[in-house]
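Chain lettering (A, B, C and D) follows the sequence in which the chains are written, and residue indices restart at 1 in each chain.
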Amino acid sequence: MLENLKQRVYKMNMMLPKNNLVTMTSGNVSGRDPETNLVVIKPSGVLYDEMTPDDMVVVDLDGNVVEGKLKPSVDTATHLYVYRHRNDVNGIVHTHSPYATSFAALGRSIPVYLTAIADEFGCAIPVGPYAKIGGEEIGKAIVDYIGESPAILMKNHGVFTIGNSPEAALKAAVMVEDTAKTVHLSLLLGTPDVIPDEEVKRAHERYLTKYGQ
Amino acid sequence: MLENLKQRVYKMNMMLPKNNLVTMTSGNVSGRDPETNLVVIKPSGVLYDEMTPDDMVVVDLDGNVVEGKLKPSVDTATHLYVYRHRNDVNGIVHTHSPYATSFAALGRSIPVYLTAIADEFGCAIPVGPYAKIGGEEIGKAIVDYIGESPAILMKNHGVFTIGNSPEAALKAAVMVEDTAKTVHLSLLLGTPDVIPDEEVKRAHERYLTKYGQ
Amino acid sequence: MLENLKQRVYKMNMMLPKNNLVTMTSGNVSGRDPETNLVVIKPSGVLYDEMTPDDMVVVDLDGNVVEGKLKPSVDTATHLYVYRHRNDVNGIVHTHSPYATSFAALGRSIPVYLTAIADEFGCAIPVGPYAKIGGEEIGKAIVDYIGESPAILMKNHGVFTIGNSPEAALKAAVMVEDTAKTVHLSLLLGTPDVIPDEEVKRAHERYLTKYGQ
Amino acid sequence: MLENLKQRVYKMNMMLPKNNLVTMTSGNVSGRDPETNLVVIKPSGVLYDEMTPDDMVVVDLDGNVVEGKLKPSVDTATHLYVYRHRNDVNGIVHTHSPYATSFAALGRSIPVYLTAIADEFGCAIPVGPYAKIGGEEIGKAIVDYIGESPAILMKNHGVFTIGNSPEAALKAAVMVEDTAKTVHLSLLLGTPDVIPDEEVKRAHERYLTKYGQ
């Protein structure tokens, strides 16, 4: 079932090591099928190199395994909480990518210091509180703190990104690490001027309407 | 039309991910045909892995698409402004490469701390003001602030490089990131002595006349 | 003899350059066969690219070469001391991976600033004193200072990790560098809150019992 | 002529991009044939990807091209000065590798903070003064300041390493960047204790006599 979504979620999971966002078995991507509300997610603790599309696990929004021979990610309850409370979200990515997580460790948000942040995120990248892994606590924190942003930093932990597809959430995960690295490097030399809110809004709308094909 | 230039511009665009200067669809390279004044440029928002030479877009200096099935880069107006005001420029590269952009974010130029900067750039790497993406504003800032340098840092944004060919502009884009990284690492430990102007001039002239085949 | 263990130890040695934990011939992995107490270890000073499973050296716990045409690693006495004093250990990894070694150089332990440290290590990553390479001195320091942790930083030197298999020790070596990098980046911007001991214990136990297949 | 040495020098030049020590056409390796005193060196300004063993240039100790269709490296006079004044040297490497060059930019030597520095170098990595590229000035500074070390940092410039073979000089070039990176990362967090001279001497002698096959 959901063969196409399994292929897409598998492919986006494989983009995590390709973009150096994960180590060993860390990180995961899920995708929701908008018609059935079923969710396809990475299995728990499997090496990326050894993973196949068939290893993806299908769960319903209550966490029951509908199909799959492996256990789903330990972050499944987190993903499902977000899907239940955000109808606009059909893809979620979780990583411990190092530069973004260096801000997360400190519980520190990333201001709009770069046009790339204005374009991709449209606002400062917010930070959520420390929350326990494995239950709904992180999911609730994401929903409470992420606002309009497609990315959030979780204190002492890592990064979660959301999108209307697994591909959109993956792009946000790549871009949060990319911009976090540049901002980190800048902060070692000084403090950039923040781009004013009005200009951030203008730039983000231009990006959403004019960029791409 | 312009099949050879399309191949060259395509190849230089592919050098951006190969040299770790871009992420996802960011960055772009263009080239001008000196005989017809037509410009070949990367399409907007296309993944490098999926791009072919045929996807390159041909525009005239006023921005009219002359050939191409895709929309040109959102930075096209920037490139065209530079080509119209700098007859010596036949190649332009734009990136958000992280070390160079960490200086750009701060609106901070890079002094001649290294023989490699004297050789390649012949002067400090200048910085331009914040300017809006998508129109001619950035093009005007480049022309006003770049001077004799083949590279400029744009505040809160990234890097633009120019050259008498796409290949020369690409080399400048690679070298600005390379030298920006080394200078950044140095500044975390101290402040290097600046190489004196006279010596920079001598070294740059030697490099232009003696280096290479 | 021990063909299967030789293959496994070879494979884990090759994971060191694949994960960017070693340079040239530095670093090594060994594995103990629990039935015979024989140890398979990397030969001394051989380039990873030129190494084969047959180059692995088999030694007994007293350091006598039982099989192998090459000299074993100069760290063999260190590995053997640990195997003799820790019956639970069947795999050991040694690297100079740069971020972890930057803490080791300073004789500085890594606190539990990240959920990944709580999950993988269950405690702060301890640091041992300076000890001479080549004899049992480092082995004794590891046994004396490592406690419950699977990883230890040796002052002015590098990293040793242990596990109940070569694969487990390798995972610890990858994760100590990964978390050391993120912690290092955080410390350049501020000081993270330490995750409280009770929560570290809970998270580590959850990880050991719930994570993976 | 000297086909074997050309192959070896070519191979060591190709190790520079493989180990991320060079960018575009920067850097070079040479080797001396001890019997004829002829030197094989990289051609000037050629991309590594496009270079073949046949492109290596053979020069005598006075800089006359004995064989080769391309111009030799602009650093040839530097290499030859060192060969004429150091009979023990049969291989030289030059790079701008970023971490080592960040110390070079500052005119700052690298103390023996790590066992890897004691083992490979046997002393602090020295620094030489600013010297003009292209003539014998750098060669003289290397000979005057390098002492017993196989590596030297040249102020505002980069790294030169020497050895009794191109392979030995290449290993020194890789290890100077590797240890410079770890020391740099340490210095951002604190100041390591220097390993005492007596212990450095003991460790270096052990490494020279016990390490490897």
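Just so it is clear, a residue touches a chain if its C-beta (ideal position, glycine included) is under 8 Å from a C-beta of that chain, and two chains touch if they have at least 3 such contacts.
Here the structure is a predicted model, which means the values were calculated and not measured.
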- Message: Considering only chains that satisfy the touch condition with subunit B, which of them also satisfy it with subunit D?
- Response: none
- Query: Farthest chain from subunit D, comparing Cα centres?
  - Reply: A
- Query: Same or different for subunit A and subunit B, when you check if over half of the residue numbers at their contact belong to both copies?
  - Reply: different
- Mind checking the centre-to-centre distance between subunit A and subunit D? Centres are C-alpha means, answer in whole Å. 44
- If you average the Cα atoms of subunit A and of subunit C to get two centres, how far apart are those centres in Å? 31
- Note on the structure: Expected list for subunit C, residues touching two or more other chains, is 188
- Which chain pairs touch, all of them: A-B, A-C, B-D, C-D
- Task: Name, in rising order, each residue of subunit D that touches subunit C in their complex.
- Result: 113-116, 119, 171, 174-175, 178, 181-183, 185-186, 188-193, 195, 199, 202-203, 206, 210-213
- Of subunit C, residues touching subunit D in the complex: 23-26, 43-46, 70-71, 74, 96, 98-99, 101-103, 105-108, 130, 132-134, 155-158, 184, 187-188
